[in-house]
Amino acid sequence: MHEAHLMKDLINKIISISKENASCKVTKIKVKLGALSHMTPEHFKEHFDQVAVGTCAQDAVIEAQQAQDIHDANAQGILLESFEIEES
Amino acid sequence: MNHLMPHPAEIIEKRQENENTYTFRLRFCEEEVQRHYRFLPGQFNMLYAFGVGEVPITLVSDPMDTEFLDHTIRIVGNVTQALARLHVGDKLGLRGPFGSAWPLDKAQGHDVLVLTGGLGCAPSMGAIRYIMRHRSSYGKLAILHGVKAPSDLIYQKKFLEWGKIPNTEVFLSADQADRTWKHKVGLVTHLLDQVNFDAGRVLVMMCGPEIMMRFAVKECLVKGIQADAIYLALERNMKCALGFCGHCQLGPQFICKDGPVLCYDKIKNIFDIKEV
Amino acid sequence: MTAFSIDRSELDSLFQALKKRGYEVVGPTLQDQAIVYDYIESSAELPVGMSDEQEAGSYRLKKRSDGALFAYAVGPHAWKKFLHPSHQRLWTVKKQKGDLQFISEKPNSIRYAFIGVRACDIAAMQVQDKVFLSGTEKNYFYKELRENTFIVGVNCSHAVSTCFCTSMQTGPKLLSGFDLSLTELIENERHIFLLKCGSKKGEEVLQELSYDQAKPAEQEAAQKLIENTSQQINKNLDVSNIQELFYQNYEHSHWEDVAERCLSCANCTMVCPTCFCTTVEDVSDLSGDHSERWQKWDSCFSLDFSYTHGTGPRRSSIKSRYRQWLTHKLATWIDQFGSSGCVGCGRCITWCPVGIDLTQEVAALRGIQK
Amino acid sequence: MKKKKNKKKVRTIQVDYLARVEGEATLYIQLEDEKIREVKLKIFEPPRFFEAFLRGRNFAEAPDITARICGICPVAYQMSSVHAMENAFGVQVEGALRDLRRLIYCGEWIESHSLHIYMLHAPDFLGYPDAVRMAKDHPEIVKRGLGLKKVGNEIISLLGGREIHPINVKVGGFYRTPTRKELQVLLPSLEKAREAALETLHWAAQFDFPDFEQDYEFVALSHTEEYPFNEGRIISNRGLDISVEEFEDYFQEQQVEYSNALHCLLRGKPYFVGPMARFNLNFEKFSPVVQQAANSIGLLPGLKNPFKSILVRSLEVLHACEEALRIVQNYQEASSATIKISASAGKGYACTEAPRGLLYHRYHINSQELIEEAKIVPPTSQNQKIIEDDLFKLLEHSLHLEEEKLQEYCEHAVRNYDPCISCATHFLKLQVERK
Amino acid sequence: MSHSSTPKLAVWKFASCDGCQLSLLDCEDELLAISEKLEIAHFLEASRLQIAGPYDLSLVEGSITTAQDLEKIQKIRQQSKYLVCIGACATSGGIQALRNFQDVKEFSSAVYAKPHYIETLKTSTSIASHVLVDFELQGCPINKKQLIEVILAFLQQRQPNIPSYSVCVECKQAGKVCVMVASGTPCLGPVTHAGCGAVCPAYHRGCYACYGPMESPNTQALSRRWQDLGASRKDLVRVFRTFNAYANDFHKISEFHEKKEK
């Protein structure tokens, strides 16, 4: 699935950054869903939860914002804006 | 005979004059052709680069030199770039000479004013060289040459040498000078004020960008020089150099056979009109 | 010139006689809804019983009730397509171990016999002769073809609204430049041609036909026919002081007016029987050791035509390109070659897709409303 | 990347990282315990909206516009569109004009099939990345293929004006028909092409074919007298026998989330169109010569191995050469290049056999001669599901292969169907997901 | 171009019908010779082999219609020493650019039942509107002889010899009869770029401008002529909105007629 691949990509990024920051717990994730990304926040949450099982982002709160501008260069992408970690 | 077909010629010498200008010394590969070749100052050849095309280039060498033919070429586009890629010993195609020459006979006994701009100095070389060889047949010679920037100046050594010859004046000018520049600064047309000449006795030979010539002609006329004493070398697109292709027309003139050197008197009614 | 007469059926003997002499016979024939010039085998391939109607920007074939063979005006093709073809290889060059070997293309040695050449078109050939053969260097390719051509002219029996040869004094009567001339006469049941010889070659060919001396009545009929045709022509181009007219009006506002209408499509120059301009193209293959130079028809309406480095096209506006065309045709041509570049065939009027009519443009320059 | 200090032990990390899928066509395989769960062929060819912008166009523009859907089989699109329009106006093109249409289609079959056989499929069998590199070892063979392809192109150029997006096809016939003499020029090349086609068949017969057979539902046109090109009923080996007008009652296009290409199903099930379907359903319509050629290599109807489609394609090239020769030899010039059309409001349907299978067009024309609605179902979308199914089954036995080999193998299998997005088959990106 | 090794050729595809790149494979007689002069490093229609850049010559087919395209073309530009656009899609947005005049969302729903899955930009645009282009070869489809000329010119380090005058010039050079004058068939030849060899007039139909605008098209004057021949404003809007609808000159004139019509 399209989504599965995207989610994989995202989670990998999150894991690698949190590792860099010596953290093993991600508490909150902020993403922006492009207008043409074909994903609603619910949709996103569902898929994300699937891939996050067993990772440091397992219990993270997801804040997904749906963008409206279809002319944005990133209109088709999913933008990981920021996330919060708990320092160990 | 197929006058449109070039003869092979060899590059004997290739000299870089400045960043984008080279002088090629050429000789026909066929002895026979070289021996019979004669030209007059101001005439041009068609130079052919293999597989790319053919362009008109004026001869700059001394017409008395029957051994070699020199051409100074500015690299601007397709064919000239292809020519620039050639090396000594490489072959190109050559046919000519074509076109009219500077009025050197008519100028005998007169003062001569050579006014050139940019690469326009190249086509006038033949004329200057000729006058130098027959110095006594001519009156005063004034060479006025302007360039945009000092780096555009070619043949500097020659200019300085000529300046030392009696009854000969050389004025060089750059639109924008830098610290190395020891000559005048400003438009070449202003140099006209620097020379003293008898407007009734002088013959003007002019070559350079057309805008420059338009202004220079006006100045000359203001100074009292007659329209029929002003000669210009002109450029138009050219494919055949024989008057068959039609490209080089300027009003009734074919620049390839009636020109490139034309008396101003002949074109004065159209010279200032746009897009003729 | 003595006049002879031959029967319609004898025309094929003429074809045979020409073929026997090694000529390729070329003449008018029907193609693509027009009468064009092409290779023909017999008189049956001529546009039998066909005529035409022409106006600015329009050409239509029309059937006639008789079997006339030449009762139409000039079509879209000029004879230059044979004598000064649209594509001509000029030479070939080979590169071997750094050496260049140039090999000239031989002029086409084909011997054409043109059937049915009109007076204006003969005049056009004479104009091109001046362009290509009057200077110190002769056009190598044109010269041979032209000298080998046999011309069977025909007097016009039908003019269209775009014809103005009378203004240019080139027609409709054949005066010179032909080897044989024909006048087609159809009366009652009789279909004959009056025939005159214009050259030695023509006389020789005549000897192979069965002919009669033309009767005075026939000669008179022929004369009348041509006069009638003359009278049909009502288009007029005033050529008095034409050079001054142009040289004084380079900046006339009317040029802007034409530019609004002109497509700069170049049709007028392509169909014009005197326009001669060409460009060249170097054609090579992937081997890299062989190249050819080709000459192709070009037109002063193209931007590249006047391109020079640094300035770009010298004539970038359509206005200046139309001005070049017309000024060259009617004025500077006279300075260059001693005659007008226009023979009044009307092709550029008919075949201009938007029907621009040079005679009207000239009138407008003169300040006359037509 | 910026880091922010948070009061607590929690920190926010600013990332701005854009997640995305790479590649243009991807084969997605989902495994669970080394068993295949799902196979998806995703095509990211951006949509071009032809059906949408056909609306409001004049009916006469359809052949020119639809040709631009595919540069590899433009004639097919032109044929389906003109036949659909003629169907709408209740006219039928017959005689010489009908023959010429078959002839130009022969040209496209020869051209497209040879391209596929020599430039795409054979290199798979022989282990080359492409024909150009194959030519290093087998120059004569590749030249034969190029020669064959050229003959196909010659036919299209002569009848259509040029090989890609021909300009001469028109509702009601042609703009201009060739003279008999002009057409005869093709004879010598066609004779040679027939030889080359036969050689192709025997050459391809020697390839190693994977042992892979499936039970497919084959769907193709069927005509009472001829091997099908432009007309016939739609039949299948499982008893389907419908008129073209009924197409949409039986076939439905489905959009799937993961791909821009639509899937078409027959009563909810995948089916197989293209050379193999035509061959299996119309074998007896081949001329005796073609039938004999097929027999000589043991190629018989009932074929179930899609890898052998290359043989069927070769056979169809032979058939197209035969048919073209027949048409050229018997050609009598038509009195007019086009029949009279009086456009009227209505609906028109047509199916023709594109080189790669059934191509369906439907149009609604309004009283101003404008297209109100257009529907186009290309062969590739019809085979889409079958391709996935094939891959599913193939992969079951091939998972041991290393990734690169696996990808090659999959590409090869996709190419059995000569999908119109033929380049898509060269950029398969394998995406294996293990659970 | 390096002297030591054969220059690398890459062929790229964006939204298009593949026809223009197929032209290269249609060079049946020259293909193998070309492959000796150029290493085919990336050409998905022809080869599964993909050799990494940079590329000496890139041929780009197709128009930019998605955000991914936008990024991809930038990368291609960075990887290419000489970039040539081939075909109407790449030089003017192609037939897909018809969407530029309408609402894409509405378009998607005409084709797809669930349009929200479809990722697409609102417009279809030429390559040159996004990156620097070294040469544009017009035509829908391009002429394969011209394509060979472009490749040859590249190998010989010169500008390709591709005249930009009207189709009429080619039509007359080939000795064809003007269909507009001889039968009143409306023809776009006078405003259309040469290159096709005037095939349409040769087959007795009017040019439909698949080669895009010529160097100085007077679309107004030709429109008036079409109107005399019976074309309505609506027809004219359509006529200029086909395969090069978003080419500047055609775009302007179709909008002009559209406004006038209202």
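By written order: A, B, C, D and E. Residues from 1 in each chain.
Everything below uses one rule, namely that a residue touches a chain if its C-beta (ideal position, glycine included) is under 8 Å from a C-beta of that chain, and two chains touch if they have at least 3 such contacts.
What you are looking at is a predicted structure, and each value in this text was computed from that prediction instead of being measured.
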Any chain in contact with chain C as well as chain E: B
By mean Cα position, the chain sitting nearest the middle: E
Chain whose Cα centroid lies at the greatest distance from that of chain B: A
Rounded Å distance between chain B and chain D, as computed from the means of their C-alpha atoms: 65
Centroid distance [mean C-alpha coordinates] between chain D and chain A, Å: 41
For chain A paired with chain C, centre-to-centre distance based on mean C-alpha positions, whole Å: 77
Chain B: positions in contact with at least two other chains: 51-53, 77
Junction residues of chain A, two or more chains touched: 38, 74, 76-77
Set of chain E residues in contact with two or more other chains: 66, 68, 117, 119-120, 156, 204
Complex interface listing, chain E residues touching chain C: 30, 33-34, 36-37, 152, 155-156, 161, 163-166, 168-169, 172-178, 180-184, 187, 189-191, 204, 215-218, 220-222, 224-225
Chain D partner contacts - residues on chain E that touch it in the complex: 13-23, 25-26, 28-29, 31-32, 35, 40, 43-49, 65-66, 68-69, 94-96, 98-99, 102, 104, 106-108, 110-114, 117-120, 140-141, 143, 196, 199-200, 202-205, 208, 210, 235, 238, 242-243
Residues of chain A defined as touching chain D within the complex: 1-2, 4-10, 13, 17-18, 21, 23, 27-28, 38, 74, 76-87
Contact footprint of chain C on chain B as seen in their complex: 1-8, 29, 50-54, 76-77, 89-93, 209-210, 235-237, 239-240, 242-247, 249, 251-252, 254, 257, 269-270, 273-276
Complex contacts: residues of chain E adjacent to chain B: 156-159
